[in-house]
Every structure is written in structure tokens, then in C-alpha cells.
Amino acid sequence: MADLNSLRDQLRTFAAERDWDQFHSPKNLASALAVEAAELLEKFQWLTETESQNLPPDALEGVRHEIADVLLYLIRVSDKLGIDLIAAAQAKIALNAEKYPVDLARGTSKKYHEL
Amino acid sequence: MADLNSLRDQLRTFAAERDWDQFHSPKNLASALAVEAAELLEKFQWLTETESQNLPPDALEGVRHEIADVLLYLIRVSDKLGIDLIAAAQAKIALNAEKYPVDLARGTSKKYHEL
Amino acid sequence: MADLNSLRDQLRTFAAERDWDQFHSPKNLASALAVEAAELLEKFQWLTETESQNLPPDALEGVRHEIADVLLYLIRVSDKLGIDLIAAAQAKIALNAEKYPVDLARGTSKKYHEL
Amino acid sequence: MADLNSLRDQLRTFAAERDWDQFHSPKNLASALAVEAAELLEKFQWLTETESQNLPPDALEGVRHEIADVLLYLIRVSDKLGIDLIAAAQAKIALNAEKYPVDLARGTSKKYHEL
């Protein structure tokens, strides 16, 4: 089974074989990531929240492709910047736990500076 | 060391403790993901591509936080939809290899339907 | 009362006085526009649709600022590209009327190629 | 020649004829706006800044369509929220002039809180 490091290595080879590193500056990859995230959002934009929880199989398959694209660009931009995705996410969870204490954040969607 | 499954489980607990599942429909999580991807993009928007490849430490730390946020929401929306992130990404790489054959895609940023 | 041309001229002066034209390539302005659109989206991401229709005054004021930012970058990128915003929008309405005939599009959010 | 009010009225009729107001909550329109802004960004994501300033005619035409889509959703969400686009933009220019004084902001892309 692949893991993030394996995917990273495959993407390196993919880009190298196609001479695409010339396009893959962090700035450009961040744009591509935002575009893919918007393509994911587009799948949901006219659905109700309840509908978004009950996608028919073909819609779910389309969503799965967009989610994959987001992850691939996220791996790629992290690789170009030397960022360890898992470690960064683990550190952010710890930070979020401080910003959103359970007793203040329970049941509200307010941002931390409004709690 | 954490992995994606561990992060997924931590996020489940994080949301449950704060009674946040009521906000976490796939539709809303896709919006939050797009917002975080844009916050990442904001870090690069006025930089040249070369500058984006040579971030000073404090800018890199800011970028690392935004990248983490994108991954956390990506894990969360995938969890809510029952999508295996690694498997989806692995399948998408295979699909991209078909859409972008090396000999046609080398050195160009054209989309597959223009090759 | 200002109009789009007046706003365009004010933005030209604003950028010239600050020597900002060096940053305002269409590519960068398109990024900034996407970032501002995401900041607008952020105001709504955890709200229900009904709540989004009934914003309290301070939330509405925040939304108004983000909407203004989107328009300002839209005017700016159009100016840099020599695009007449009103004429482009008028032409697009005509095109949309062809893509979404009333009898096929009524009551559905499907895209035109699915109708 | 059309103006923003005329476009707003045309969009009202367009939606009413298709029974689309049921989909057009401010939340959903903000999502659609962000999606269109990303489609505009996609046109530039792999271009250099210089290339983005010298688009060939067919690329410029594609960009013009995306810019039109952004304006149409911006008009639509403003209409649903009772926001006067021109007045909001005019007020924001005045605010930006305070946040970015000429002598501090000249030649830098820093945000106002870093000046």
C-alpha cells in the first residue's frame, strides 16, 4: 500500500519525465491547489447540506477525483518547500487545541478570537 | 509518528468534544478547505516565482500552518464521505499518466484535451 | 455618484501613487481576486443557508467589505487586460440564456451539458 | 448600454424564469463566486507574469468569459443581501487609503499591519 512518501516520489518522477518542474514553483502549485479545491467545492455548491451527506455513486466518484487532485498538489507543494505534511498537521492540531478550548468552543462555530 | 489514520481519529475526537459535527457537512467542509487553500495562496500572491522558492523562515512557518490546515480539512471531508485519501490519490496518478502521456506532455502546461 | 469607470480610474491612481503596478500582473491580480472571494466565502462557511439570508448588521458589514474587495480586484484585472466588464457580463448573460433554455433548466441546478 | 442595475434586473428575471431562487442563498452564491474566481485563476496558473500580460486572443476570450461569470455572481449575491456594489467599493477605497498611506506603502506588497 502506498503512503504519502511513496506518492511524493511518484509525483517527482511524473514531473521529471514530463519536464514539468519548470512550472512547479510553490507559487504556481499553490494556485493549482486552490483551483482544485474550488473544483471540489463546485460539486457541492447547489446541494443542501443533507444532500452533500448522501451523494449518489457517480457524484461521489467525481468528488473522489477532486479530493485526490487536492492531495496530489498538496504533497507536491510541500515537497518543493521541504515541509513534512504529517508533522505540520500534527503540530497544527496541538495549536488548535489551545485556540479552541473544549469548554469555550463547544457547540459554536465562532473563530477563536471571538470566543 | 502519526499517519493519516491517526490524524483522522484525532480530528474525530476534536470535533466530538466540541460538538462540531453539526457544522461538518461535506458541503461546509469543502468550503472550509477552499478557504484554507486560498489562505495558502495569499502567502504567495505578490511574490515572484523565484521568491516563492526562497521563503524566509517566518514566511515558511506561516505557509506550513496553512498547508496543515488544508490537510486537516481534506482528511475531515474524506472521512465524512468514506473516501480513502491514499487510494484515491494513487488511482488519480494512474489516471493522469493516461491523460498526460510522456511524449505528448513533455515541456508543456497544456491541459490533456489540448495535447 | 461613482460608476465602474470612476472606480477604475481611482484604482489606477491608487496603484500609481504606491508604485504597485509592478505587482499587478493579471496573474497576480487573479490570485488576489480568488483570495478575496474565499474571504467572502469564509463569512458563510459554517452558516446554514437560512442564516446566510438573515445576517446580523455587523456580519453584513463584514460581508460588504469582502464584496467590495472582490469588485475592486475584478475592476483592476479587467483594466489590465483591456476588458470592458459590463459588455463582457452582458454578452455572458446572452450566452447563458442559450445554454440554459427555460424549459430545460427550470427547477434544476444541473449544468448545461447535463440538461 | 447596460449598467450594473440593468444587469441585476436581467439576472433577477433569469433566475425567476428558471425557478432558481431556491438555490440562490447568499451562502451558495458566495460558493459559486469563489468557484468562478478559481476558474479565472486556472487560466493563469502555469503562465509567467509576463505571459499573463500578453495573452493570445483565444486565451483572452476565455478569460473574458470567466471575468463575466465572477461579476454576474457578485451582482447576484449583492442583490440578495441588499448591498450597493458601487457604494461598497467606493467606501472600501477610502478605507484602503487610510490603511495604506502613500509614504509607507510605496513599493512594498506588505499588508497594512506590517507597514
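When the chains are written out, they are named A, B, C and D in that same order, and each has its own residue count from 1.
Following the convention adopted for this analysis, a contact is a pair of C-beta atoms (placed from the backbone, for glycine too) under 8 Å apart; a residue touches a chain by one contact, two chains touch by 3 or more.
Values in this document were obtained by computation on a predicted structure and should not be read as measured data.
Q: Between chain pairs B-D and B-C, which one is joined by a greater number of C-beta pairs in contact?
A: Most contacts of the two pairs: B-C.
Q: Centroid of subunit C to centroid of subunit D, CA atoms only: how many Å?
A: About 2 Å separates the centre of subunit C from that of subunit D.
Q: So how far apart, in whole Å, are subunit B and subunit C when each is placed at the average of its C-alpha atoms?
A: Between these chains, centre-to-centre, one finds 25 Å.
Q: Two-or-more-chain contact residues of subunit C, please, as numbers and ranges.
A: In subunit C, residues 23, 28, 31, 34, 37-38, 41, 44, 46-49, 109 touch at least two other chains, as defined above.
Q: Counting only chain pairs that touch, give me the topology of the graph as line, ring, star, complete or other.
A: Complete.
Q: Touching residues of subunit C toward subunit A in the complex: what are they?
A: So the residues of subunit C in touch with subunit A come to 31, 34, 38, 46-49, 109.
Q: Under the definition above, what is the set of subunit A residues touching subunit B in their complex?
A: Its residues touching subunit B are 1-4, 7, 10-11, 14, 17-20, 22-23, 25-28, 30-31, 33-34, 36-38, 40-41, 43-44, 47-53, 55, 60, 63-65, 67-72, 74-75, 77-78, 80-81, 83, 85-86, 88-93, 95-97, 100, 102, 105-107, 109.
Q: Within the complex, which stretch of subunit D touches subunit A?
A: 23, 28, 31-32, 34-35, 37-39, 41-42, 44-46
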